[in-house]
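Shared chain: chain A. Partners: chain B in the first complex, chain C in the second.
The block that comes next holds the complex of A and B.
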């Protein structure tokens, strides 16, 4: 299994590298949980003002939702689109293209390393938040079981989607606008502002049709235990469909992008 | 010529470059309508390189050297023509092909900045599926040749430019490539480090029989390593042949070096050729047409007699030949 051995070697090098930047990694992680905590505080205030619940969502439900959201966000996050733009524009991609390994594998390993090194600390912080806000989880054992494929599919979907955006750097020098656009869309539709069931009906329909909710909000609901088996199945199917579509698009974009690559500066 | 490991016919690479005039109006117009100019970087070149050959690729900035190397190593898709390296089409980038070649670029890092090179080497071992035995043998050899022992356990970011270059070389060659493309391998290095890299490249070729195509701005690199040179200018090959014959084919003159006892005047010497230098102490250099060089030299000897202390007749320095070619002084394309 040469690929397994390559992954092991890349992971070892990745952990060594991460050790050099451990403080920076922790700061990124802390920065990433600020937003869910702010929304949690806001919804707790609203729920409390409305007598303890908003459309059936209690303070404890909000706490559980946002604790799960922060955890899922960390598990599924991908930053490859920003990094890739830099690699293409600086010609750094060239060294990777010349090796007998697809450049995507380096990003996968970086992603795994970052998550494994930051999750223990994040877990401890989220336990404290859950206790402080008296989070009410409805999670049953089957939710945890379904959560595993759901979070893996979500992470894969976000990663591949990010790579499609990243591949646009083959044609455009500045990708920040495209990045910002899709991150804003993800912010609105992924379930960060509110659980999707609290949104207006038309917005819910749109959310289910777009890929963003399947990246974060959907697995969050499974982990929180707020879904029925039917809804869980709907989520898994939606994720699988979007992942298949995005992977097919990525393959086409990548193949064409490589032809357009001009290896500037390297 | 024995089996060609690099075979190129009519290779072309045209870049599409966004073009815009200066000024506010042009800037606004470029928002709505972009104009592109086609810049031919490589304009249909033919090239064959035999196994174990070391070939120098000469040309000024923008001549198409690096673009050719990038196409041959598979980084760029050509616009036209065909090329095969070790029987593979480079831009298909098959893993079997990538395992057998290397493109080393002077100032580009392949190593992970924050960890020691030895750890990066272990990653490369797995990526290239190098056996334990080959890895250890090659590593020992590279450590020995490049004197890497004190360097490979330090984080790469703590190494000097020269040290990093040596470690980069090792990283790029661990998989034992059969064809090595070297782009400006000594760029930015001090004189002694340049010499060390040069002797390493020569040794690499001798020990492993690797085929090497090398670009460099430093003629010393080319003179030290390459018997054969390919001169490229504006994407076209102007000369392909022995380095020793380059001056004869590209420069229509020779240089007469004369040392005079009585400090003969400049006017006297203009009769024999163009005076290119005169140090005022009797040492003079004259440029004479190549065809007339023997006759003019003989006349100089006969006319000056005992006033002449020393005499030499040489090809001009290779830098001068190249400089004349690239500055448009003498263009006599002669592919041999």
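The block that comes next holds the complex of A and C.
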């Protein structure tokens, strides 16, 4: 119960802080919209040139896919690894470590607050895009039901994975390279270039084997309604496995990292 | 002019000395850039496994365009982006006073003072990718095309520079504008595809307010010999206008600057 009270207090503080930076959070939303739209435009051009469809994906399917992708990306996003690098480098982590609460809880609250405040606006923009591109959703009620655990697992997976990358900051002061590596892997494998079924076979195999697709692309396909029940089950199992693995790794890395951490400048 | 050349040379020299102290940093920056450019090319290749052309652009032309995309980014990120980031900090802290007191054009000083040497790799990689695209294209480049390319590329970078200068000038009125630059960074991504691909509103934005679209597409058109004369004339006129406007706006903003202790 004390944790509930703590969370309530942190959430209230978070919302108050957010209210002070309204415009800022709206600007950051441009990032969530531009990339899906440009790849959508590319695929629409390709599909139109080939008579309206690419390997069974129609223009409307592409529109639905990328609208869902933007929505899921926003729902699952986490920026903890960039923030953490800054906190370790500035030595600010020391103060947080002295508090009785694990630093991860502050990130969780920041994350929830940001999403709750930006989602309504993003939703409105995405509806306009969906109408403009004539999106065709194949979603059935059971898709929506499965989407809930899928998106929660995806958000959890991305968050824990981000914390693993973040923990590397205990040993290395320059984390940019690790973050870039992660971002580019996500760019290729998470589904922003194309729906995974349209990728070359060897890339598909890699995509299914790595964790990135389960963070964004997989729940996107569920929300768009393009998956069979078997594929949905495959996705959920894959997410659960990766989440378990990442959580175990995170525990080990965090415990060792705290011991290695000496606070820059201390 | 010669004097400004000398000032700029000393800025570069100082940056290089600074950079030499962090050699691993430089190597890592290079590795990052290889990752970024490699995956961007990968995205283009994935698109072309499903199509022969992208809105009339063939694969070699698209590769050349990707090269130009990184050339423009390199041009901006090498000098202007790091300088402007510092400028916003100076305005916030009031230390811009020191720059204004120096006997040289303030606009020149704030635009070129900080150089991110490692970003030369953007331009080098951009040239390599562009060269690969042109070799694949297999057509001889006429001197006229090469000249048009150089001119439009310079115009594109200048147009983007003008936008950035205008945005950071806003920091004289609003102290927190680092987020205004986010507008630019968000739209930058759209430069990776030819501008004719996009729906009307986005094409308009990328050709006028955030000119990253034309800054990449027009030089790519020029070097593959498909640019029309109207586009060329429009590019020159548009750039001239935006440079004049940004410079006027900067001087206008400077008058609102009140300094550190005021």
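The rule we apply is simple: the second predicted complex is superposed on the first by the 264 of 266 C-alpha atoms of A that agree within 3 Å, B and C clash if a C-alpha of one lies under 4 Å from a C-alpha of the other, contacts with A are read in each partner's own complex, and residues count from 1 in each chain.
The rule is short, and it goes like this: a residue touches a chain if its C-beta (ideal position, glycine included) is under 8 Å from a C-beta of that chain, and two chains touch if they have at least 3 such contacts.
On a predicted model such as this, the values are computed, not experimentally measured, just so you know.
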Inset, instruction - Kindly classify A:261 by the partners it touches after superposition: chain B alone (first), chain C alone (second), both, or neither? - result: first
Legend entry - More chain A residues in contact [chain B versus chain C]: C
Inset, instruction - For A:17, select first, second, both or neither according to whether it touches chain B, chain C, the two together, or no partner. - result: first
Inset, instruction - Using the superposition on chain A described above, determine whether A:98 touches chain B (first), chain C (second), both, or neither. - result: first
Inset, instruction - Tell me which partner A:35 touches in the superposition: chain B (first), chain C (second), both or neither. - result: second
Inset, instruction - For A:8, decide between first (touching chain B), second (touching chain C), both and neither. - result: first
Legend entry - Common ground on chain A, meaning residues reached by chain C in one complex and by chain B in the other: none
Legend entry - Parts of chain B lying in touch with chain A, wherever the complex brings them together: 15, 70, 73-77, 93, 95-96, 98-99, 101-103, 105, 108-110, 112, 114-115, 119-120, 122-129, 155
Legend entry - Partner chain B, residues of chain A touching it in the complex: 2, 5-6, 8-10, 12-13, 16-17, 20-21, 91-92, 94-95, 97-101, 258-259, 261-263, 266
Legend entry - chain A - residues contacting chain C, complex: 23-24, 27-28, 30-31, 34-35, 37-38, 41-43, 45-46, 49-50, 54-55, 132, 174, 176-177, 180-181, 184, 187-188, 193-194, 198-200, 203
Legend entry - Contact footprint of chain A on chain C as seen in their complex: 25, 28, 31-32, 35-36, 39, 42-43, 46-47, 49-51, 53-55, 176, 179-180, 182-183, 185-187, 189-190, 192-193, 197-199, 202
